[in-house]
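This report refers to the structure that appears directly beneath it.
Read from first to last, the chains carry the letters A, B, C, D and E; within each, the first residue is number 1.
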Amino acid sequence: MSSFDIVTSSFRIHRRRGHAVAEAVRAGAFAGAAAIAFALVGAYLIMDRRFVVEDIITLAQTVVLLFVLGGGHAAARSAARDGATAATAIGFGALAGLVAGLLFAAAILLVAHVGLRSHLVAASPMLVRAVTFLGAPGSAVAAAVLVTAGTAAGSVGAAAAMLRADRRTAVLIGLAALLGAGLFRDVFAGLLHNLPGLAALEPMVFGVGGVTPVAAAVIAVGAAGLSLVLHHRRRPPIAASTRRRIEGVLLVVLLVLVPLVTDAFVAQVAMLVGLYVLMAMGLNIELGLAGLVDLGFVAFFAVGAYTMALACSSDPRAAVHLSFWLALPLATTIAAVAGLLFGLPVLRVRGDYLAMATLGLGEIVRVLVVSDAMKPYLGGSQGIIEIARPSLGGWTLDTPLQFYFLALILAALVGLVSWRLQHSRIGRAWLAIREDEDVAQALGIDLVAAKLLAYTVGAAFAGMAGAVFAALIGSVYPHSFQLAISINVLAILVIGGLGSLPGVVVGSLVLIGLPELLREFGEFRYLFYGIALVVTMHLKTEGLWPAVARQEATDA
Amino acid sequence: MAPRHERLEALAEWRRQSTWVDGVLLAIRLGVAATILVGFGGSLVAGTYSIGNIASFVVFGLTIGCIYALVALGYTMVYGILRMINFAHGDVMMVGSFGGLFAADALSGAGVLEAAPLLSLPLVVAAGMVVGAGVALGVERIAYRPFLHVRSLAPLICAIGMSFVLQYAARGLFGSRNRAYPGFGWMERTFEVGGLTIPMLQVVAFVAAGVMLAGLLAVVRLTRLGRAMRAVAEDRDAAALVGIDVGRVIVATFAIGGAMAGVAGVLYALVFKQITVFLGFSLGIKGFAAAILGGIGNLPGALVGGLVLGLAEALGPALLLEGFALPAPYQFKDVIGYAMLVMVLIFRPQGLLGERLADKRA
Amino acid sequence: MSKVLEVSDLTVAYGAIRAVRNVSFRVEPGELVTIVGANGAGKTTVLNALCGLRDIRGGRIRLGTTDITHLPPQDRVALGLSQVPEGRRLFPRMTVAENLEIGAYTRREAAAVAADLEWVLELFPRLRERGRQLAGTLSGGEQQMVAMGRAVMARPDVLVLDEPTMGLAPQIVDLVLDALRAINANGVTVLLVEQNAYRALEIADRAFVLESGEIVMTGTGAELLDHPDIRNAYLGYDA
Amino acid sequence: MPDPSDLLLDVRALGKRFGGLVAVREVDLAVRRGSVHAIIGPNGAGKTTAFNCITSFVKPTSGRILLDGERIDGLAPHRIAAHGVARTYQNVRLFANMTAIENVLVGEHLRLRTSFLDIVLRNGRFHREETAARARARDLLDFVGIGPRAGLLARAMPYGDQRRLEIARALATRPRLLMLDEPAAGMNPAEGMALVRLIERIRDDLGVTVLLIEHHMRVVMAISERITVFDRGAVLAEGAPNDIQNDDRVIAAYLGTRSTQEAHAVKLRAEARTA
Amino acid sequence: APLRAETLGPVTDELGVVKILKGQPILIGGYASQSGGDTNQGIAELHGAELALKDFGGKVRGFPVKFNTEDAQCTAEGGQTAATKLAANRQLVAVVGPSCSSGARVGAPILWNLGIPSIGIGATAPGLTATDRPAGFKGFLRVVPNDLKSAEFQVDWVRSKLGLGSVATIHDGSPYTEQLVRAFEKDFVAKGGKVVASEAIGPSDNDLRPVLTRIAGRKPDLIFTPVFVSSTGFLLRQKGEVAGLKDTPVLGGEGVFSANIIEAAGPAVIGFRIVGPSTEQFSQRFPSFVKAFETEFGEAPTGGFSAWGYDAMLVALKGGEAVAKADADGNLYIGRKALRDALFATRDLPGLTGKLTCSAEGDCGASIYAIWEFADASPTSFAPGTNPKKVFP
C-alpha cells in the first residue's frame, strides 16, 4: 500500500456534536475566521476591484457575505436538528452572524489601530478603508456596522435554512447563477456579443466590471424560478445509464458549441483544456489503468513539443523541415520511445518509489533542456522560436479556435483508443497489475511487457499534446515544462475520477478551465486553485465523474 | 576461478532464467558503471579541485544533507503510519521557519536574543516546532482525516491543494520578500580541524539531525505511543481492535512530523540566513527524494538518504562532470541528485535501508 | 466481572444490500455461544458491527450496562469486548512478542499482563520459540495462534472470535478449542463463529443459526447438533 | 517408484531457507498426471513455502523442479504460468475491486492472442476472441458454482465464494497443474464436501492434475489419491490415504489421537464407499 | 474580426476607434508574472504601474482609468493566454506588460493584431524591438532597456574604468539572466577581456559554495551575475566562505535593485555593485516611490522592476491623454492607430527611471546607466543615492 494505492479503514471518525449554542458560536467563529483570513491574505482587496453587480456589490463583499450566510445556515441547521423551532433556529443563525461580525470587526479594528504590517503585509489602511461602509475607517461606527451586517447576514442564512428543500435549492441556484454571471462576465459578454441578435443585449446585461443591477435581478430570479419549475414538473424517471448517456451527449455538445460562439479567449482556454485532456488520457493509461504513478509525465509532453519544434522551426538547430502533419506522428512516436526508455529502468520500482523515480527523470529532462550544455541542440533557456503553423492545402491554422478543434479531434481519437484498450485483454491486464502485481504475474501476465506498453502509450498521448502545444504557441521554452504540469495532470485524473474517460474531460475543464478564467486574480490564483482541489475532494471523493458507479457507496 | 565448464553452466543457467529485461538492466548497470568510471577518471585527470576543496564539499554536502534529512524524517514519519506522502510537508516546513523568524524577531525586539543567544536558540526552535506541528495538524484535519475510511487518492490531492494554499496564503499574509534570519553570535564561529575550516553551524546542523533521529527512534521503538503508531501503520482496523485510538495516533504522528519540519525550517534558515515563502516546495521535493532514497518509512533511512543526497549534489558535479568537460556543470546539480536516486532504485528498488516492499507471501 | 452482551434489531447494510436484518440476541455472562451459518450468511458482518468496524443501519448494542452502539472500536475494547478477526489481521512487521504485547494496549497493570502472556505461551507453546520472528512470516496456522493470543491479552469480558480454527492442523484445532473452553471457564463470555460446526456446537452452551442475514434457529449446542436440518446443511452428513 | 513419464510434477531435493530458518529441506515430491495429490502437515511445516517455490514466488535455495520433464525452477512467475501451472492462495488474493467475471477474464489473458492493433481497430478477430473469452469465463463461474454472482465485486463476496472464484480464475489459465492452498478453509463441512465434488470434476472433466494443501481431513481423505505429509520442512511420509491415516508418526505429528474430526472423516469415507 | 478603418464621433482611425461612454472608465490592461517562479517580479511591476496611475490622478481627461491585470506567469503559453484574455475585452486601449520576453514574443502580436499596443516591462530580449521584427511587434514598445545596451555599459565600466581583464559569469537558467550574461560575455570578449568561467545555477539552489569554489579556481577579477534576489543573497553571503573569493567584486543586475537585496545578503551586501538607471529623476524620485509603494502594498518592492512598471503605465497614460477626444455629449474616443503612434512618439517624458524617449522600434528606456554600490547593511537604509550610492559615472 502506498500513496498511490488505496488507503482505507472501515470505520469513520465521528465528530462529537455540542450544544446548539456552542455549535452556533463555532459556526460563527469559523465564518469570522474565514473572513479574516480572506482579508489578511490580501484577497479581499484584489477582489474588491471586481463588481458582481455593477456599482452595488463587489466580489470581495460577496465572498465575505457568503461566509457569514453559510455560518448562519450551518448554525440554524444544527439547531433545527436538535429540534429547535424556526424562530429559535434563526436566532441561532443571528448569533453565529453576530460572532462572525464581532470577530471580523475586531480584526479590522486591530488592523486599523495596531501596526501589524511588519508581519502581515495586507493589514493595510486600504483594507480598513475597503471594508468601511459608514463612519470613519477604523472607527467604532464602522465596526458596529460590520457587526450589524454580520448579524443580519447570519439571520438571512438561517432563514434560508428554514425554507423547504426545493425553495432552498432555488435560492441557492439563483445566487450561484448571479455569482457565475458576475465572475465570468467576460465570457458571457463575449457570448452575447457573438450570438446573432443578442449583441444589443450585451451593454444592457453587463457593465464594465459586472452585471448591471437590473440584469442581476432578472438572472437571480430567473434561475431560481427555473429551478423551482423544473423541480415540480413531473418527470418520468430516467434510468441511470440513460442519464449518463444524456450527460455525455450534453458534454460533447458543450465542447463543440461553446468555443464556437464565444470569443478567442474561451477558445484559447478550451484549447489548453484539450491539450490537458490529451495528456491526462495518457496518464490515465499509466496511473488510472496500470496503477503506475508518473510524476515525470511532463517530460513526454516536452519531448513531443521539442520534436515538433526541431522538425518545423526555421531555427538553425532544426534537424529537418517537415510539415506539421508529418511532424505530429513523428513527435508522437519519439515520445512513445521516450516512454519506453523511461519505463525500462524503473520497471521494478513500485508505488511511491516509482513516483519519486519518475519525478526525478522528469526533472532530469527539464534541466537537460534548459542547460547550457544542450543549448547547441535544444536552444537552452531561450528555447526554439518560429515554429511553423500547420497548414493544409494553403489554409493555415492559426487561431486558437482552429487549434482547439484540432485538439478536440485528437482527443476524441485518443479517447477512443484509450477506451478500446481499457476494454480488452490489455486493459484487464493493466487493472490486474494495479490490484495485485504478484498474482497478476502468476496468472501469466508479463509485467514487463504490460508496464512498458502502458508507459509507451501514455507517453505517446502526452507527446501528441506537446506537439500541438508547440505549434500553437509557435515557440518552446524550457520553462513551460515544470513539475507543476505533472502534478496538475495527476490532479485532473483524480478530480475527474481515476480511470474514467469522461472524468478526464471534466477534470480538465475544472482544473484548467476554471483557473484560466480566474487569471485576473494573478497572485491568488493558486490559492484558489488549492482551495478548489481540497473542496472538490471533500464534496466528491471519488471524483466528479467516477469510473463506474460501484455499488459500495457507503462501504470501505 | 571456477573451472571453465562450471562457468559455462552458470552462464547457461542465467540464460535459461533470464529474459531480455535482465539483459537490458545488466546493460544499464554496465553503462552506469562505465559513465561513473569515465567521469571520475576524467575529473581526476582534470584536477580542477584540490583535496581541500573536496573536503569542503563534503562538509557542504553534509550540512545541506542534514536539512534534507530532517525534512525526510517528517515525510517518513507520516508515511510510515499512513502510507501516504504528505505533499504539503515542505510548506509546513516553510511556515515553521517563519514561526521561528517571528519568534526571533520578538526576542530580538525584547533584547533577549542579543543578551542570551544560547538561551534564545531553543526558544526559536521551539517556536518553529510549535508552528510546524500546528500547521501539520491543520493539514491532517483537512486533507487526511476525512478520507480515512475511503479508498481514493483524495488525500494526496488534498495535500497538494494544501501545499498551494499554504504557499500562497503565506505569500499573501507575509509578503514575498526575502527575510533575513537573525544570527546567533556563537553559531557564526568557525574552527579548524586538520586544516579544514568547519563552521559551527555545520556542527549544529549535524547534531540537530542526530538528536532528532535518536529522539524519534526512541519514541517509535520504546514508547506506548510508538508501538501504537507501528500498529496503526500496519493495519488500522486491527489496531482499533486492540484498543488503539487510531485517530489520536495519526494526529500525534502529524504533530511530530510537523515539529520535525519546524526544526528543519529553523535550521535551514540558520544555515542559509534568508527565507522566502517559496522555499518549501523545492526543499520538500528534496526531502521526499531523501526519504525515498533511504527507504521510506525507515527513520535511519531518512538520515542516510538525506546525507547521501546532500553529498551527491555537492560532490557530483566536481567528481563526475568535470571529467566530461561540460559547460556549467553545476547546472546539473539536481540531475546528479536525481540520477543517483534513479540508479539506486534500479539496484535497490526499496531504497538504501528500506525493507522489501512486498515479501511475496502467498 | 463478566458482562452480558445484548444485541437488538441489528441491521447492517452494504450500500443497498442489507446483509444483516433485525438480528437480536443476548449472550449471558459466562456463556459460550456460537453462530452457525453458511457462506455469506452475515456472520462476519454481525461480529464487525459488534466491534465497531462497520457502521450500522439500525439497532442497539449493549455491553453490560453500557450502550456501545455508537462507540468507536477502541472504546469497546476498553470496556471489555475483544475480537479475533477473520483472516487474523496481525501486525505483520511486528514480532510475535510485540503482537501479543500490543493486545494488552488498554491495560496498565504490568504484572497481570506478564502473567497473561505466560498463560498464552502455555496455550500455544509453539509461539514461545517464535517470539522474535516477524508475525508476517509465520505460517498460516501460527498466525492464527498469535491472533487468538493477542485477543486474550486484552483480558476481555466478552471475547468474539471469527473462525479461529481456520487453517489449523487438526491437532491444533483441538488445542485451540480446548483453550477456548479454558478461557470460557475462566469466566470470559465467548461468542464464536466457526465453520467447523460440529466442534463448535459440541462445546457451545447455546447456538444461533444465521441464514441470509436473519436468525432462523436457536437452541443449545446439543439440540442443534442433532437437528436433521443442521446435520444436512452444516455438518455434511448427507454428503 | 512410478514411471517418470507418468509424472507431471517432479520436485527433487527442494530446499528453502529464510535466514537461519530452514522452511523446506530436501523435499522430493512426485505428482502423477491426472491425479489429485494432497499435502498435509502441521502448521509451519513448509507446505505453502513449497508451493511458493514451485510457482517462483520465492526463489528456492536448492533443488530442481520439473514440469513434464522440463525444468521450470528459477523462471519468472508468468513463464511458469505459461508452462501450465496455476494456483490459489492461502489468504485469498483476488483482484478485489474487479468483478468476478473480470477476475476470470484476467486469468484467460495467457490464452488470448489479439494484438495491440486488433484491439485498437476492434476488428472481427478481436470481437470473436472477446466473445469466446466471456463465454468461457461464464462457463467457468458456473462450473465452480458462482455463476449468478458474475457481476459482483470480488471483495463484496463472502469468503467461501471468494475461494471458488479464485479456483475459477486459476482454471481460466487452462493449467495442466492446479495448486490449491487450503481451498476448504472457511467452509463448513457441508460446503467442504461440495468442494470435493468440484475438485473431482476438475480432475475428471477438465483433465487437470490437482495438488492441494488442506487441513480438513474429510476433504483430504475423500479425494486424494496420494498424500505427502510434511513435517518441519521435510517429508515425513507419503502414501495412499489409508496408509497415511494409520501411520503412527503422522498421527503423532499431525492428526492427533483425540481428533474427532478424523473420526468423522473415517465415518464419512465409509459412508461414501458404501454409497 | 480584422481591423478596419472606423469613424466614431470626432475620431477617424484606420485601425478602429474605442468609444468610452460618459461615466465609464478607460480600460488599460496589464499582464505580468504573478505566479510561478517569477511571482515577485511581476507583482512588483504591476504594483509600480498602479502607483503611476495613482500619481497621475487616476484619470485621463476626466475619465477614470481602470487597470485590468492578468497573470502571464513567465512562460510563452501564459503570455498567450493572458494576452488573449485581455484582448477579449474590446474596450481595452493599451496594455502594460509582460515581464518576460517569452510571453511578449507570443502576447504582443495577439494584442497588436487587434490594434492594442503593449508596453513591455521586463521583456528585454533584443529581438523584440529589432528593426527586422515581424509585423505583429509593430505595436510593441518597452520602457525597460534592451539587454544589449546594458551589457555594453557594464562591459565598458569593467573593462575601461576598472581595467579588469577576466570575469566569471553566473546565470540561473532563466531567459532573462542567460541573455544578459551572453550579451555581457560577447561584449567583454570583443573588448579584449577574457571570460574565465561561465557558470549556471538553478533558481532554487541555495548552496552555491561548490560552484563558487569552481570559480575561485579560475581566479576571475570580477563576477558578473544578474540573478535574482534570493540567489544573489546566497551568492554574496557564501562568497566569503570560499577561499580565494573573499575580495573578488561582484556586479549584479537591475533585477536586484531593491531594499530586499540588503535583507537577503545581510552584511555581505556591502561593496556589492549593481547596474541601474543613472538619471536625475531616478535619484530624486525613486526613494519616495519606494516609500509610497510600501505604504500602499505593505512591503517595499522586492525586485528591481517596479520602476519599469511605473514608467510603462506613465507612457500609456500620456499617450491616451494625447489622442483621446471628447464629443459634445461627453463621450470619449481613442483611435487605435493614433494611440500607437502617440506612444511611439513619446519624447523626453519624465519617468521614474529617467526621460523616456521612444525609438522607431519601440525602445523607450532611458538607457542611461550607472553603477551603484551598497554601503550599508541595514535593511532600512535603502535609499538610492546613499545606499546604494552611485559610483560610476
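Note that contacts are C-beta pairs under 8 Å (C-beta built on N, C-alpha and C of every residue); 3 or more make two chains touch, one makes a residue touch a chain.
Only a predicted model underlies this, so the values are computations on that prediction, with no experimental measurement involved.
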Fill in: Pair exhibiting more inter-chain C-beta contacts, A-B or B-D
A-B
Item to complete: Work out the mean Cα position per chain and let me know which chain is farthest from subunit C.
Response: E
Discussion item. Can you work out the whole-Å distance between the CA centroids of subunit B and subunit D?
Written reply: 46
Practice prompt. Using mean C-alpha positions as chain centres, tell me how far subunit A is from subunit D in Å, no decimals.
Written response: 50
Worksheet entry | Interchain centroid distance [CA atoms averaged], subunit C/subunit D, Å | 29
Response to the item:
Expressed in whole Å, how far the mean CA point of subunit A lies from that of subunit E is 32
Worksheet item: Using the touch rule from the top of the page, what residues of subunit D touch 2 or more other chains?
Response: 48, 55, 57, 76, 87, 89-91, 93, 97, 156
Response to the item:
Where subunit E touches two or more other chains simultaneously, the residues are 35, 37, 39, 43, 173, 198, 200, 202, 298-299
Item to complete: Hunt down the residues of subunit A that sit against at least two other chains at once, touch-wise.
Response: 10-13, 120-122, 367, 370-372, 438, 523, 526, 551-552, 555
Worksheet item: Which part of subunit B faces subunit C closely enough to touch in the complex?
Response: 224, 227-228, 230-231, 234-235, 237-247, 355, 359, 361
Fill in: Contact set on subunit D toward subunit C in their complex
18, 21, 40-45, 47-48, 90-91, 156-161, 182, 185-193, 196, 215, 217-218, 254-256, 258-262, 264, 268, 271-272
Discussion item. Which stretch or stretches of subunit D touch subunit B in the complex?
Written reply: 48, 51-52, 55, 57-58, 71, 74-76, 79, 87, 89-91, 93, 97, 181
Item to complete: Please give the residue numbers of subunit B that touch subunit D in the complex, ascending.
Response: 13, 16-17, 19, 151, 360-362
Worksheet item: Can you name the residues of subunit D that touch subunit A in the complex?
Response: 55, 57, 76-78, 80-82, 86-87, 89, 93-98, 102, 105-110, 112, 114, 116, 119-120, 122, 126, 130, 133, 153, 156, 169-170, 172-173
